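Pasting the structures here.
Shared between the two complexes below is chain A, which pairs with chain B and chain C, respectively.
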Partner chain A sequence: MSTLSDTTTPAAAETAERARRAPAPRTYRGLSDRALAWIFVTPVVVLLLAINIFPLVWNIWLSFTTYRANRPGMEVRNIGTANYERLLSQEDVWLSLQHTAHFVTWSLALQVLLGFGLAWLLNKNFRSNGIWTTMIVLPMMLSPAVVGTFWTYLFQPQIGIFNAILAPFVGSTQFSMIADAQLAPWAIVLVDTWMWTPFVMLICLAGLRSVPRDLYEAAEVDGASSWRQFYTITLPMVLPFLMLAVLFRGIENFKMFDMVVELTSGGPGSVTELANIYLKREAFEKWRTGYAAALAVILFVTVFGFANIYVKVWTKVKQR
Partner chain B sequence: MAEVALDGIAKAFKRTPAVRDLTFTVHDGEFFVLLGPTGAGKTTTLRLIAGLERPDAGGLSIGGRDALALAPAQRDVAFVFQQYSLYPHLSVFDNLAFPLRAPGKGLTEPDIRRRVEAVAVKLRIDHKLGNRATQLSGGEMQRVSIGRALVRAPACFLMDEPLSSLDAKLREELRVELKHLQAELGATILYVTHDQVEAMTLADRVGVLIEGRLQQVGPPNEVYERPVNLQVAQQVGALPINLFPAAQLRLPEAEIGTVGVRPEHIVVRPAATATRDARPTARVLRVERLGPEDVITLEWNGLTLYAAQAPELTGALGESATVRVETEGVMRFDREGRRLPDASPSAGVPADVELDALGEMLGAGGAQPPALAAGVR
Partner chain C sequence: MKHLFAPAGAAAMALAAPLMFSAPASAQDKELTLCWAAWDPANALQELGRDFTAQTGVEMTYEFVPWTNFADRFLNELNSGGDLCDLMIGDSQWLGAGAEFGHYVKLNDFFAQEGISMDDFLPAAVYNYATWPKGSEEYWALPAMGDAVGYVYRKDWFARPEIREAFQAEHGRELAPPETMSELLEVAAFFQGREIDGQTRYGIALYTERGSEGITMGVTNALYAWGVEYDNPDQPYEMEGYINSAKAVEALDFYKQLYECCTPPGHSDAYMTANLDAYKSGQTAMQMNFFAFFPGIAKDEVVGGEVSGFFVNPKAEVESSVLGGQGISVVAYSDKQDMALEYIKWFAQPDIQKRWWALGGYAVHNAVVEDPAFPSSTPFAAQFLDAMSNVRDFWQEPTYAELLQAMQRRVHDYVVADQGTAQEALDKLIEDWNFTFESVGKK
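What follows is the complex of A and B.
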């Protein structure tokens, strides 16, 4: 509240100068605008510090210690970077990161293709346009845990509708998307795509709708084929939107937890054990808090770094 | 360049007619301006010719070919849009080259470069060729947009209010350039606008379109001085035409419904110069001194009138003034708004008449050749 005291400060010259520049400083019950602004902003800043910044800093500190959350009385030793060294030499960690990479890459690729395709179709003017949009968007409204749970039933080999539908094409219902080590990584990609394609679609639709119609008309009069119209007009104009969708989905899927836990719990074996699932096991099942904190830092830095680079590129694309 | 002929073209959107029975021809090398208020169907007409809309009825030929069966790209017309419609992710060069790179053009890159550069020099945008289309000012964007049409050397240019989103000074500048360019290239241009001044200054011929109907076609001065009906008279002219309902002029129940006088045919004098003939009769509401001329707003018998005249005539205008009407500028319209033929000039008609006596003069004259004058003076 330094500005509060400014009005009573004995530094008369400065006060006079200020008064000259702003002849009538606006005040409310003796508080200047600046002081009021600070009063309004402070609670938010304090709250942010308490629930965002403090846990982050504390987590970073824990990652250099032997701290175990289930043994409060235990002596906590600072072991430097030992947690990080252990982590990076652990095969399980690298495997979980590989699973995450597989999941993120494929789910993004499919969602972008399908989402853009659906948006392209919905952007055509037809009568039942609105109903279709609503129906397609429904999966997105569900809770990820619910989605994970009911897809275990859909994937059920005996009674599941998924196998029943696929049976004519693969010749048998005797396979399990979530119990087969080959198929399970694809099962989680599939369910995530089912759930989140509508999100990518909505953003792409907003992009497509932002393209002025007269550009297509100009191109048509100028004799451009539909393909040329697509890559000289549509694609460059929708790209910033598409990239935004990819950013959101990328970050979300990098930290995927709930849906996959409900669907496969990381199994069979550990083929669908994503980095976040591994992290949760280390932190709250094995109670190696310091070790898990180190992994959390690594994941945070990774996603933060990627996101930053991506946003830089995105800003460039947007400004073209 | 080629001739564009419309024959009975009609188009409705969801039963709301946009243009009805449109028949006119834009001659080879002609600058034809379609003038009309917003919503008159001007843009629709252009879009129909370009092939962006299909007409419900009628025929269209471009350069002697039946164009209705052709796709927009095959009609060999270039469209200049009001909002420029440049491809935002392409450079100025690529925007200009865009139509030349269409399939079937069969131009080599050096050919394209030569043509683009020639047009860019002509439009004075050659120093901007490397810029992105979105980095240009409004005037430059519209130049590129016109350039994109020019490179094609099309049969006909269709221009949809190309200057309306520019500021006044730039609009003037580009207007002059456009006229020069057209004369130089001998281009056939169909130009759409709601702007009086553009229509008057650019056009070889003006077509006045109101509510989807073509009311009159002719050289600008003819449309201005001899409008076929009230609607055209009201549409054409930067200052609104003064209209006197017959009753206001105390005209007898006869064929005249309305009398129209353009502001430049109304002469306003200070009341001080009043003589027995010219009593001060109108209240002066406002005098706008525009430099070369004064625009005076008057109130006479409950009507608001406009007069435009040389400043030296206005003098020091007080609250009231005498108003005279130049008889050569008097237009008579019948009760349906159609213009009645001008009474044949005769020696007896005075050059001007006091406004209060206008009705008397017209009433005495009626439709008959005016032997009226003697009685009035």
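What follows is the complex of A and C.
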């Protein structure tokens, strides 16, 4: 409105005329939108190639060699699939994969059960709901290395709170979960569950809060029981969220390293030596770089393969 | 392979250049960085270094890293050709890699030029802390810090009449610091679970750590005491029948028995600091630890003075102790090698070595250890000399880290996690070690 009225003054009219006569902005006829897009995207692509794709390709190449990173002058020989053959025939490698499978399976199962249960409870309207939610999510805000370290103190037989709490039930505090070869694999599951259940809970809570209320009202009108409402409305609606949480936690736990190293160093013996701890020891303590690169490829393919299949299933569930 | 890094290296240099040249050149030129472990003797060395600064005007800076990360941190530094450290007090086992991979400067010409003679140091120290190949006259370090694994015991508890009577009644002999491995087990078992001053006490704090080198440093106390060899002395790297011999199995079984019967609950991942804590807090009657910690224990408010006594590794078939300690080397990647050599020349002087001992460092110069007053200079000096006369070390091969990790896994699997038998653990260890030696062409 004001612009229109401005052009009515002589000065404004002159300015408008000057602008009309001015040469049009220079155009770059040779540069299409597509080319322009490439100019903007290229730095990112180069960066991705440099920090993701190149290391991956180089790692795959190293896995077929005798390369040792601590021996700069050593001749690097191509040995074909020998590293892979040795890896797959090594009992220690299979043991570390078994330990990883145990850890991933049980920690996921517990976190899903407890996370969903907590979300279910927190989804009810009650006083101090917000405070409880904040308290429950605190563990996941800590660094895994810090969690691993302070749980070693909680598990201490003499001064540990964990043992003191258990004492009335087991009759003694003179044991340590992380020092016992039978209990240590469960100790790492327990600590991971303590730390990451809130994460699963938060995602489930988001899922629960996204379910439209009118579905429940309609179900009530139809006379559906609470149990029927749960498995015909709640569970299908929350399932995509739950599956997403399982995907995130599954990938994270498959890669688990820091918390377990601080807690048990992979011991006692090697009963909590997860695949990534084994990999780190081969790569950066024993310096068998080529051999470790082969294990890294196997682990990458495994987690990538599982994740891909899982995402396809998840997409189907979402579309249902 | 190297050319792949060249562009990245150039870019990094370009980015780092303004930072590198922004500091005043004179301050940089007169500064040396010494890398070592973070422990009691490092504080003594820092104190000693003030004299060097006063005399030469060269500022000393220190990179001290806790033992559990020490090898990881500094071997990575050396392997990557880093110039963080001008001087490195590296573990004795690093000498092979330091020499063969070009991390350390060879010191023969320097020693000859400056009149520094290896005859002035304890022979075991020269052999273990300075030479590669072993026993040759090629020197890659100056012996800096003698050390071995020894034991500390609660002298005050051992002297109590009621405890002595109970021991006499139980074992028919006087309670005394153990001289044999069977006595060590007997004494540790005697104290295990015993009520003293209203508290439950335990026998002994052993090395059981899994992550770095702890349990190997512990188990080898038993292996050496049983006279076990790693390989055939006449056919190097032939290990069958040596490291898995009947004697080795017996020694490993002994260590497991000692761990199971006589350590505090939960003592399954313990190394130097954990043992110190267990002992100082009054949990255990004895602890296994390096002599390097003994000056601190002798001065401790709670367990120092007459409260603690010291003894060397008890014998089974032979007298032998596990070697600790290090030599000081000049890092080949340092651009201040002349100044670093100046420090070594200064450090090798008899007077400085005497002051080093007085401050709490374990000098191994003859001017110190051959002094008639040396054995009585501290409550543990005589034991230190005794231990240093028969020390043995782990493999000092360039592949030592790989050999060490294999042993950590196999013995921890058996001793702490109770998996398999001692024979199986040692047989698997030979498989691992054979693979290592074969992969570098030594077998």
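Convention: the second predicted complex is superposed on the first by the 287 of 320 C-alpha atoms of A that agree within 3 Å, B and C clash if a C-alpha of one lies under 4 Å from a C-alpha of the other, contacts with A are read in each partner's own complex, and residues count from 1 in each chain.
Just so it is clear, contacts are C-beta pairs under 8 Å (C-beta built on N, C-alpha and C of every residue); 3 or more make two chains touch, one makes a residue touch a chain.
Treat the numbers as computed from the prediction; the structure is a model and nothing was measured.
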item	value
Fit-or-clash call for chain B and chain C when the two complexes are aligned on chain A	fit
Touched partner set for A:288, first chain B, second chain C, both or neither	second
Which superposed partner A:237 touches (first chain B, second chain C, both, neither)	first
Chain B versus chain C as contact partner of A:265, first or second or both or neither	second
Partner chain in contact with A:33 - chain B first, chain C second, else both or neither	neither
Residue contacts with chain A in the superposition, chain B compared against chain C	C
Touching partner for A:223 - first (chain B), second (chain C), both, neither	first
Chain B versus chain C as contact partner of A:214, first or second or both or neither	first
Partner chain in contact with A:320 - chain B first, chain C second, else both or neither	first
Shortest span in Å between Cα atoms of chain B and of chain C, once chain A is used as the common reference	51
Interface residues of chain A shared between complexes with chain B and chain C	none
Partner chain B, residues of chain A touching it in the complex	212, 214-215, 217-225, 232-233, 236-237, 320
In the complex, chain B residues that touch chain A	50-52, 72-74, 77-79, 81, 83, 85, 87-90, 98-99, 102-105, 132, 148, 152
Of all residues in chain A, those that touch chain C in their complex	58, 66-67, 69-73, 76, 92, 155-158, 174-176, 178-179, 181, 261, 264-271, 273, 281, 284-288
Partner chain A, residues of chain C touching it in the complex	1-2, 4, 72, 75-76, 79, 81, 97, 101-102, 209-211, 264-269, 283, 401-402, 405-406, 409, 412-414, 416-419, 439
